[in-house]
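A, B, C and D are the chain letters, set down in written order, and residue numbers restart from 1 in every chain.
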Amino acid sequence: MFSPVYVKRVLGPCYDNWKRLYADDALAVHQAHLTCLVERGIVEATTGTSIARAIVAMESDFAWPQSIPEGVEDLYFVFERELGNRIGEESAAYLHTARSRNDMDTTVFRLALKRSLQTLAHEVLGAIRTAQRRAAGPGSEKLMVLYTHGQPANVSTLGHYLAAVAADLAEGLEELVASIGAVDRSTMGACAITGSGFDLDRVRVGALLGLDSIVTNTYQAISSSHWLTRPACALEAMLCDLVRVSADLFHKASCEVGLLDFPDALVQSSSIMPQKRNPVIIEHLRIQAGMAMGSCATIRELFRAAPYQDVNEVADAPVSAFIDSLGTAASAFALFAETVAGMEPNEARAREIALRFGVTTTELADEMVRRAGVGFRTAHRACAAYARSGGDLAELRASFQSIAGRELPFSDAQIAAILDPAHFVEVRRLAGGPAPEGMAVALAGLAESLDRSQSALQAMDEAGQRAKAELSAAWNALLDAGRDD
Amino acid sequence: MFSPVYVKRVLGPCYDNWKRLYADDALAVHQAHLTCLVERGIVEATTGTSIARAIVAMESDFAWPQSIPEGVEDLYFVFERELGNRIGEESAAYLHTARSRNDMDTTVFRLALKRSLQTLAHEVLGAIRTAQRRAAGPGSEKLMVLYTHGQPANVSTLGHYLAAVAADLAEGLEELVASIGAVDRSTMGACAITGSGFDLDRVRVGALLGLDSIVTNTYQAISSSHWLTRPACALEAMLCDLVRVSADLFHKASCEVGLLDFPDALVQSSSIMPQKRNPVIIEHLRIQAGMAMGSCATIRELFRAAPYQDVNEVADAPVSAFIDSLGTAASAFALFAETVAGMEPNEARAREIALRFGVTTTELADEMVRRAGVGFRTAHRACAAYARSGGDLAELRASFQSIAGRELPFSDAQIAAILDPAHFVEVRRLAGGPAPEGMAVALAGLAESLDRSQSALQAMDEAGQRAKAELSAAWNALLDAGRDD
Amino acid sequence: MFSPVYVKRVLGPCYDNWKRLYADDALAVHQAHLTCLVERGIVEATTGTSIARAIVAMESDFAWPQSIPEGVEDLYFVFERELGNRIGEESAAYLHTARSRNDMDTTVFRLALKRSLQTLAHEVLGAIRTAQRRAAGPGSEKLMVLYTHGQPANVSTLGHYLAAVAADLAEGLEELVASIGAVDRSTMGACAITGSGFDLDRVRVGALLGLDSIVTNTYQAISSSHWLTRPACALEAMLCDLVRVSADLFHKASCEVGLLDFPDALVQSSSIMPQKRNPVIIEHLRIQAGMAMGSCATIRELFRAAPYQDVNEVADAPVSAFIDSLGTAASAFALFAETVAGMEPNEARAREIALRFGVTTTELADEMVRRAGVGFRTAHRACAAYARSGGDLAELRASFQSIAGRELPFSDAQIAAILDPAHFVEVRRLAGGPAPEGMAVALAGLAESLDRSQSALQAMDEAGQRAKAELSAAWNALLDAGRDD
Amino acid sequence: MFSPVYVKRVLGPCYDNWKRLYADDALAVHQAHLTCLVERGIVEATTGTSIARAIVAMESDFAWPQSIPEGVEDLYFVFERELGNRIGEESAAYLHTARSRNDMDTTVFRLALKRSLQTLAHEVLGAIRTAQRRAAGPGSEKLMVLYTHGQPANVSTLGHYLAAVAADLAEGLEELVASIGAVDRSTMGACAITGSGFDLDRVRVGALLGLDSIVTNTYQAISSSHWLTRPACALEAMLCDLVRVSADLFHKASCEVGLLDFPDALVQSSSIMPQKRNPVIIEHLRIQAGMAMGSCATIRELFRAAPYQDVNEVADAPVSAFIDSLGTAASAFALFAETVAGMEPNEARAREIALRFGVTTTELADEMVRRAGVGFRTAHRACAAYARSGGDLAELRASFQSIAGRELPFSDAQIAAILDPAHFVEVRRLAGGPAPEGMAVALAGLAESLDRSQSALQAMDEAGQRAKAELSAAWNALLDAGRDD
């Protein structure tokens, strides 16, 4: 009999996790394992069919006890006991031939985690697609001022800015999708840690479960943390990008900067300050991303204290917490998408900031180099004097004269044209720059990256469907084979 | 004039970092950028050649000042000033046409970090190869007991165990090598954040620098953290595996367990306890891995507080600290290799533990299922009674009789043969199991993984050599072109 | 109207948190604030009484809507609206005079967190008391071998070992209890961030709520993270000690070492390995401690990205997650107590290890220094030779002779007495050593530390009771005052 | 002979650390230990004196070898060997009676770390004093706008803001100073882990070393991490506050917000953007704080993987890295002080923001409640309409009329007076508010907190001086005692 404290603190919560999250996947593992045991002649067909039929019967007329029954370690033993009640303990136990809870459990956890990660990845893709659409769609050419070190630096466009954000997130998504590959591997047949003397077909069991490959080394299969830590790290990295983006949006949305407007639907008021309009959605995005980062870090750090053995760090408590936290991550991405979809660049304000803070003088300096026959340092100095003067053309001319030793060869109208914020963007046609020619290259790269992720996710979904059908056919064959007896 | 505190705390250390780590890469960037400025007609050939010659002259007769000169921000301005002294400020400044410190610096940092990561990856590969050799080489078949949840679980071999460790590390190495891809990208042409109105060839500049591609979006090029955080996370994950392995080795090497012996060359004594022989190399492996993990985490966490803009988190202070910490990581891997190369499995002790703690009764239970016509649960129960009795055959027979209702159909000799530790391994022939047949599959997968990493590293090295030659040729052409004048 | 995404992802979960965790504390804040508004003449008594009566009525006949009503930001607005429905919006709003949600909310969160931390601290105290009892109680003198660098180092006792563990935890508990002081402060009257022009009594409001003091600076009151981060860090540190202890117990409980036996009630079996008896409670202790550490770290790290302003990091989402995670921490401590209460030192095994690995030769060396007239290095060398020989007395004598140049002046019986493990303990009477004389000092210090924590917790409980009574009296007076009208 | 890899990666760096950081403290430990060995009659006076004289001689004529000599574990063995060369190995070894490297080393590390923490704490105190001076000194009354959720919320003053920052940091400093108490304890006499059979006086040895107390339990003395982790956590928390403050300053210093001006001495330019004036000191403050946080976290996390035993995590590699990183922390605080000392609030801009964004309408609403006989919700609504109108008085009057059903009883001049930013501050006289009356309370609390830390640090310094004198006297007595022979 287990200690009541142990039941309350360990076995009970474990049983609850299994009921809530893993019972269906465990069933699939039973089906695939039993199918193969019979296919390989390890368990006789009649025994196999009798077990299979009992399992099918249980699906319709058995309910898991509310809480863990006394003296039982876990949900699997409840299952095996019930199976034993129906067809005899001896027969029931054949299901567990050439299998341990070690390989069974990690495979079940991998199935559940894989599904949750697939769902999350689709949601993340959707959120980035929202940013991509705004970066490529109508209004993407609207002017924005972008910053370096917190100060206005260059004029650019909404599209250029969002395409950068989306590109960094798209890189992260490729990592996240690739990390599912570390989950997508069967450990069946690893048994405790050294496999079995029974002649299983490890690849076949994995394939029936829709898993892409097997973890070959049986000790690694049970001991490795990668199927948890790799997705956790990939997700954590993306969330950190979200936090960074939120801090940048926060500044642009502050009322003194005013480069981004928010609709009322995303703004909260103050209970005491009548004037307040807080786009706190950006804060909540930061917080939810931060909390989900914390969950990822929890997973990551757990393994620092876990010897390279079979440990319960790869068991239900951490796995369930991780799966649950994916919902927080998805929520953060939903807030990101809502923010990006709802915010509106204030182009007039962008022009105002650009001109007031001399943002476009970089271009003026460049034009001096190109067309006024001076080097960059001379041009830079004359423009700095102009910026410091608050935009005084006389000062500009005087300064140029004194530094370059000749007259500035631009008319006032030419200077105005050069300093025009739209012109600043227009000439930045280099690959990846804000002009349409530059954006085309960047957007193409972004689309390719997102399409790669989308294709990979679709392929995963389709492979899953095919495997489900194959398992179902094999299982029905097993049930029917019995029917002929 | 900068504040003395600012010079002491920021500009001075920055200048020192640049002198120590980045001056050579900055030179390469000057060469590649100038070459392309001339190639694209942005800077006239004569000006280009004059700059190039002055740079070459500086290589032989200019030394960086000991500490940062007064009133100067950084090493680049020292360089540009010196260049100006030689060919006139106006001419010198043409070098900085269509360039900002933003794109120049991140490209320089990427070059330096890439090189350091390549070196580290080669060292890591070497360490894993050491484990691979022991896993595949003579003595790899020596018996070990492996553990689950800290208790002896199965008999296996040194090779099986080390192959698992190596396979997990090899997966990590593939990630680490792939992460260099995030570093291996040029940001030249991004200028401040929006590129330039000058008609640069961004791809050509990157290629001359030996970088694999460009970061297309110019805002992303300056703002992204991925070139720092991806390698940091990949490395951190590998180091965590090392920590896990060290904890497992620690247990196996403890004198009561005694499965691993250590040569005197790796053992320290006690200044007070005459009997002590501490294989503290395992502890130092854990500590150095842990300290390097801390450095990776520092990089990772820095960005949580950095808005998605151009920030100094991608500048010399964090980059230099990260580069320096790669040495600690390399040291941890060297200790791992030394440990793995030096330790010797104590096979006699493995047999002793196996028999004393009933480790091989799993196989006895399996044989009962296979050959005694009972289900797994019956077999399991009889064997548990046997294990509890401390290996009393009479108890085994009695227990089997009472549970199965018939006599155990094995002779004492048969039982002994079944329980033999070597037999336990021999029958575990499944893919990835410890028997030679199983190991062959696992070792093949391991070799493929390591070969992939090795090929990728070699390809990187070769591409680097080719680019170096190309840049050298272009640079010489520029110098010579001038010579015709 | 708020965006549906925002309601689903932010406002809805916030409302649910408030209903579940904070509604009662919000009521107390309403009571204390209103009482003081009337006491200071800011709100007229009749208005105050009418509000108070409506609040009392709501307690009996109002239920929070199942989910957040449309167009409402949070639970407070639901409350204020309902109050308005009863006594008119105009009257109802007087309750919010000189108050903001900022100061109200953080005070509510502090009340809830303080209560949860008090509960946790009592549970932690109980767990450490369990260790203290075993360290001081019957059986505490049982011999154990203790380790340095994973190797057997000295003979000691169960009591000495557990007293060390308990002393480190007791230090941690003092920190944890002290950290409640950072929570135990009222922010009422800080309003948004600069206080109010109304003449409140900030100290009085805090006292009525049972809070120990106020956060004086009103900006700090709203912006500080310390009331969250200090307890999180204090708890995280304790949990890390638990993780360290679990790793040490893990080794001592492994069957080859065998220094600690576990009762069946704390041991799990294997579904495949008949011989396995896993005291996995130690692992679950490690995991739960690690998961709770992760939650503490999440809180800690959140603030790295939060400007020093009023931010939602100090609001319901993180606070609720932190409160919930205290349950995980409590569970880890419960497992620790159960482990410590249930484990039994195996004294015979301790003696065996001590003699087999020469653990007590340190004492033999000391005795040589004391009574054989040699220096420590000579003694150490002779004893090392003896240990290496596996305990061969002849070797000892020969070695001593050859190093010291004279005969070892101890008889075989004397040597045996010196090497006796119990003797080793007996002579270690220094303060803090394992002999009863040494233990008395250590246990006294431990008791004082735990008593300090206990007294502080009791004082907190009693102050809370007194404040509750005072608030209740003031509130009733307000209700009654109205009754006279 | 140790393995070359082990020497290069472990023993060599360890030896270098000891030479650089610990040799002097080791000497003090030798002096204190030897003094007490003689005082307690454990070592004869003549032997003691001879050892003491040899040590003194070594101080003048012995130099540590450049690198670790072959076959030696560490600096201590080099020292003991040299001592042996002078007075015979036998005599020399008496110094190590009743001592192990375990207790000796941790005491040495504690001495070195304590000194480094004292230095840091003084520097941190100085930095906070800078903020305190500006918060209390001339110009502290200058108006600032303070923010909630990134939006302008209330008018306040430079003093109020800096006093809040300083108060949070002062709380952190009290923790940091208190944490030195965990370092300030001697472990001498703990020997390996169980103390000694020799009759030492553990308290006396500690006192001679200037340590405040002893770690009583000898196992805890060697195994505890608290002397490293507590200061690391206390410092990490302060640094996180710095990061938060830097983010807030960053926003206030951005040119669109413009509430803080920076002198040229703290501003960097752009090499490409002529208009840029970046107060990047704020960024470097954030980065250096973040990097030092990483070092603290490294220490903290190391112990997660270290069993509760004597481990090398409490040895030179982590301790030295931690000591070195205190310099980075000090640098971050120096940048904070320089920032706070150099920045100037732009009061005109504060007024402008206040009026433009309706920041003072909170006060108008309050005045309506006080003097216009309406409830808070009515007042809030009328003011919100006014704020939305961009400050149109007619709209205010109309809105008040329509909501309250009567005329707003304030003249235009009265409204202007109410809305005046200075008035907003003036009336906020509550404890901790920005008016002088409120500030007096907050500043008094701040001064008390800083004075507590300062007194504690001074007491520590003085105790250190006294102990140094006492040890010197005892040591000289030992040398002289010898002289009488």
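Things worth noting here:
One rule holds for everything that comes next: contacts are C-beta pairs under 8 Å (C-beta built on N, C-alpha and C of every residue); 3 or more make two chains touch, one makes a residue touch a chain.
Remember, it's a predicted structure, so these values are computed and weren't measured experimentally.
Chains that touch both chain B and chain C are the following: A, D.
In this structure, the chain pairs A-D and C-D differ in their number of contacting C-beta pairs, and the larger number is found at C-D.
Chain A and chain C carry the same sequence, and matching their CA atoms takes a turn of 180 degrees, rounded to a multiple of 5.
Set against the Cα centre of chain A, the chain with the most distant centre is D. Note: centroid distance chain A to chain C, computed from Cα atoms, is 34 Å.
Centre-to-centre separation between chain C and chain D, using Cα means, comes to 24 Å. Chain centres here are Cα averages; for chain A and chain D they lie 37 Å apart.
Residues of chain B found to touch two or more other chains are 96, 102, 147-150, 153-154, 192, 243, 247, 250-251, 269-273, 280, 283, 290, 293, 301, 304-306, 311-312, 362, 380. Interface of chain C with chain A (complex): residues 1-3, 5-6, 8-10, 73, 76-77, 96, 99-102, 191-192, 243, 246-247, 263-266, 268-273, 280-281, 283-284, 286-288, 290-291, 293-295, 297-299, 301-302, 305-306, 311-313, 317-318, 321, 331, 334-335, 337-338, 342.
By the touch rule above, chain D contacts chain A in their complex via residues 147-154, 247, 250-251, 253-258, 269-280, 282-283, 301, 304-305, 353, 357-359, 361-362, 364-365, 380-384, 386-387.
Residues of chain B that touch chain A in their complex: 80, 84, 89-94, 96-98, 102, 146-150, 153-156, 160-161, 163-165, 167-168, 171-172, 175, 182, 189-190, 192-200, 202-203, 214-226, 229-230, 233, 236-237, 240-241, 243-245, 247-248, 250-251, 290, 293, 300, 303-312, 362-363, 366, 369-370, 374-378, 380, 424-425, 427-434, 438, 441-442, 445-446.
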